[in-house]
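By written order: A, B, C and D. Residues from 1 in each chain.
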Amino acid sequence: MSPRWLSRPRYFLRTAWSGLRESPVTGGISVVTIALCLLLVGSFALLVANMERILDRFGEEFRVSAYLEDNLTDADLARLRERVAAAPGVERVDLVTKEAALERFRASHIGRAALLDGMEDNPLPASLELVLAPEHRNADALERLAEAVDGFPGIAEFGYGADWVSGYHGAVALVRGVAMAIGAVLVLATLLIVTNTIRLAVYARRDEVSILRLVGGSRTFIAIPYLLEGAAQGLVGGLVGLALLFALFHLALPVFAGSLELLLGYVSPSFLEPRACAGLVAVGAGLGVLGSAAALGQGRLGE
Amino acid sequence: MKHLGVEPAHAGAGALVRLFHVSKSYLAGTWALRDVSLELGKGEFVFLTGPSGAGKTTLMRMIFADEQPSEGQIIVLGRNVSRLSPSAVPALRRRIGVVFQDFKLLSRRTVEENVGLALDVVGTPARERRARVFAMLKRVGLQHRRYHHPLSLSGGEQQRLAIARALVNDPEVLLADEPTGNLDPDLTLEIMDLIADAAARGTAVFVATHDHGLIERYGRRVVRLEGGELAEDTPIRRPLL
Amino acid sequence: MSPRWLSRPRYFLRTAWSGLRESPVTGGISVVTIALCLLLVGSFALLVANMERILDRFGEEFRVSAYLEDNLTDADLARLRERVAAAPGVERVDLVTKEAALERFRASHIGRAALLDGMEDNPLPASLELVLAPEHRNADALERLAEAVDGFPGIAEFGYGADWVSGYHGAVALVRGVAMAIGAVLVLATLLIVTNTIRLAVYARRDEVSILRLVGGSRTFIAIPYLLEGAAQGLVGGLVGLALLFALFHLALPVFAGSLELLLGYVSPSFLEPRACAGLVAVGAGLGVLGSAAALGQGRLGE
Amino acid sequence: MKHLGVEPAHAGAGALVRLFHVSKSYLAGTWALRDVSLELGKGEFVFLTGPSGAGKTTLMRMIFADEQPSEGQIIVLGRNVSRLSPSAVPALRRRIGVVFQDFKLLSRRTVEENVGLALDVVGTPARERRARVFAMLKRVGLQHRRYHHPLSLSGGEQQRLAIARALVNDPEVLLADEPTGNLDPDLTLEIMDLIADAAARGTAVFVATHDHGLIERYGRRVVRLEGGELAEDTPIRRPLL
């Protein structure tokens, strides 16, 4: 039994449109609230997305050194390099020659002391530096790698800073954990705030709803224009929020450019991907619909 | 003037509205309606009268399922109102026209949209809707105001708008609560003629009024409530003029 | 000309109270929105406050080494130590003996190589490590310090990682900057959201306001009960928000305790100070009043 | 029946309400009121009548400064309404009692609080307020409903509540817009007597009504509007009964 009015989308569109036009105060407030909430969620998403990239970048510093014996031929070295590259979790292998090692040592903190000045021979060994794949940047995987590589001929010693490993791992877990916790609170809060605001906006027009009931409007007949209104407000709010986020991002970027470059070198922060942007706007529309539905759901909307 | 126990004009199975020993209590210990039995047939026109607070509005609200009786049964258009599921209520209401004592107009929609609403809820096609709304507005003298909003109408104009909305859909039952309280005598007669017309076309009509002149003039069946009880049910008389 | 009704606070309190009681929907929504907004702002404040402490903690690692000549007597050393401690920006001076230096070197990344194994004598010098006061943890101050200290007798060389210095400085600036930017957006957004919600709540009762005007209520007469209502809602919202924040903090803490301890050692995150808590609640009440005032201010509250 | 140009009963400097060639246009090109001049003296009781949309409500709204005249001057209680600063409006309104055509009750406050409101705005002490509210409610027959909310009252009860609120503060001017439209004949007389009492105590009273029976019965001065123009201003006659 399909009701006749379902064949009349024009009524719903017209009613939703005039509802929007005739309620600039409540509609405007809903749009602003949605825009602001999505701005908050978007800022956070942006921060987290860029933080992940920064963490990845730091993770690249996550190297293990395999110090080489002094007497290796180039062929030996090439073979060894290949074997090491095939070991579990290794993403890239870099060679540090004896000269490069000395250079580094001199540049390092401790190397400033006149420690090696007297020696005519370079006592530092060459080494292979293994960059680990992100998922292997933890103490367990390192131990496994050490076991696998330790026996290889040509490797004198195998070294990594255990503190640095667990420190990095802890930092990543902490940042991710805090981000998730705050993100959850933020998403829940904005969800509640937006639906509540729309509820209040519909509530401000509760007399309308009750009159529509009295003249025989069915639930669906009454609800559809409000849901359309909510969707439209959500959509506009989402777009406004996104635009604000974009503007803020490009306003804030130059201010932090200096410190960022110093800290991260070539990593420069990027805006949300198009898909995430679309998602943000869609979430706005969804919240608008949800809020209207919640408002209409609460019985006769009487206090 | 009391005619208690007199058979109503259109009694029996053909009645569109039937009340069996209906009582209503809003507040424990007080009765807004008390043991009222009543029938209303097709095309019948009844004046509902009685002092302020006698229960006239309450009786009407129960007929269009806005309130449930505390006791007794109400059958409207073949449906037992007290056993109606909430989802069946709108369908019933679409067959009943109601002029509310306080109008209940949508202030955010135009005059034209307020009247059209009664057609929108049943899904009347756009062309027919437009024609019927315009004809109805013309009959109550509001066609020149059709793009305005109710809040910019005078009291009497709002009342006529409420009447137009109730009548535009040719309802099977019409409940008009004090429909001429804000109208001048000339308009009152015009509007009452409109309502009498509807009755002549088969609508069962209830008109609550305090206007004894009106009751005299039309000489229809009169139901009088007093303190919630049925004090009088006088059958139809010939109009005096 | 003091109006007579100013002497009747009972009317206002009674009216505000019954307004709250008779509008559970709008009142409830206002309270929830305020609570959630303050929860967001509070979480952020909490994060920033603790981050500052973490940055300070990292700053302690901010040391400059003054490598000592080998032939210093204890008296020389004590005198030197005193002079260094008096240098501009120095907060603390720690002595690292030759033995401690060797120990450290062995534990370090590069030390894993068998570099020093063959030497019977310890080639590493003793050093004084200068911990800088927070306000001096930047490249300029360091250069000044180096100039001041360089000529002291007994100091062989003066060393610090320029990269680490500017890196730390950049990181602190970045974190502070981002925190301030996000904080500003957050505070502005919640300000708007809360005042808008309250406006909407008052707006839902605009018929009331217009009737009060019609019967001759003056602006103040009409406004005071709404402002009291707003203050009460803000107060309750603030308390609820604070309670939520406290609960979340103590729920989240154990989850992160592991990574935090690893990262920070003895620094454990702490809740907001009592004064900040009171401030949060006061802000809630203030927002409630502000929102009501804004709603009442918008003319006749008509759309 | 036309008595155009007749001197009103209490003309001159003692008038509480004076309109000088007042016109009002809500929509460009149409006139809700057109060149109306009128005076109302202390203790005078005037029926304002005319068809629906004639401008009765508009005239009253301008007197209590809810609308500004488009042309002309209105002097109420010695103040020129069109030159009143917004902050001076409340003080003027506190001296005027208004029964609104649509009641305008506060649905979130009790019957008692709605009536008390008119005393609260002037800051009447609690004890006096309580006594006067109770006495007033008793006079309109609502004392037993004083802790209920307006929405649970019948139409006539709401109307009496609106009247009680307008009268409780002994206003110097009373504007009653269709104050008995929802009342039965017995109550209508009781309420009209209440209003006449106020006039006897010196209040200048304007009663808009469509009820010719009432006008006949009281035989007071009648001002009739038609299409916004002053069509009749009949001075006081002796009551018929």
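One rule holds in what follows: a contact is a pair of C-beta atoms (placed from the backbone, for glycine too) under 8 Å apart; a residue touches a chain by one contact, two chains touch by 3 or more.
The model shown is predicted, which means the values in this text are computed figures rather than measured ones.
Within the contact network of the assembly, the step distance from chain A to chain D comes to 2.
Centroid analysis (C-alpha atoms only) places C farthest from chain B.
A separation of 30 Å divides the Cα centre of chain B from that of chain D. Between chain C and chain D, the centres computed from C-alpha atoms are 62 Å apart.
Once the centre of each chain is set as its mean CA position, chain B and chain C turn out to be 67 Å apart.
Across the assembly, chain C contributes 22-23, 303 as residues in contact with two or more other chains. In chain D, the residues that touch at least two other chains are 108. Contacts between chains close into a ring here, every chain touching precisely two others. Pairwise, the chains that touch each other are A-B, A-C, B-D, C-D.
Partner chain A is touched in their complex by these residues of chain B: 64, 66, 87, 90-96, 98, 100, 104-109, 113, 117-118, 120-123, 126, 165.
Against chain D, the residues of chain B that register as touching in their complex are 26, 49-53, 56-58, 101-102, 152, 154-157, 159-160, 177-178, 181-188, 210, 212-213.
Across the interface of their complex, chain D is touched by residues 3-5, 7-8, 10-11, 18-19, 22-23, 205, 207-208, 211-219, 221 of chain C.
Within the complex formed with chain C, the chain A residues making contact are 22-26, 29, 32-33, 36-37, 39-40, 43-44, 47, 65, 67, 105, 108-110, 112-115, 123-125, 127, 156-157, 159-161, 164, 166-167, 170-171, 173-174, 177-178, 181-182, 185-186, 189, 192-193, 196-197, 199-201, 203-204, 206, 248, 252, 255-256, 258-260, 262-263, 298, 303.
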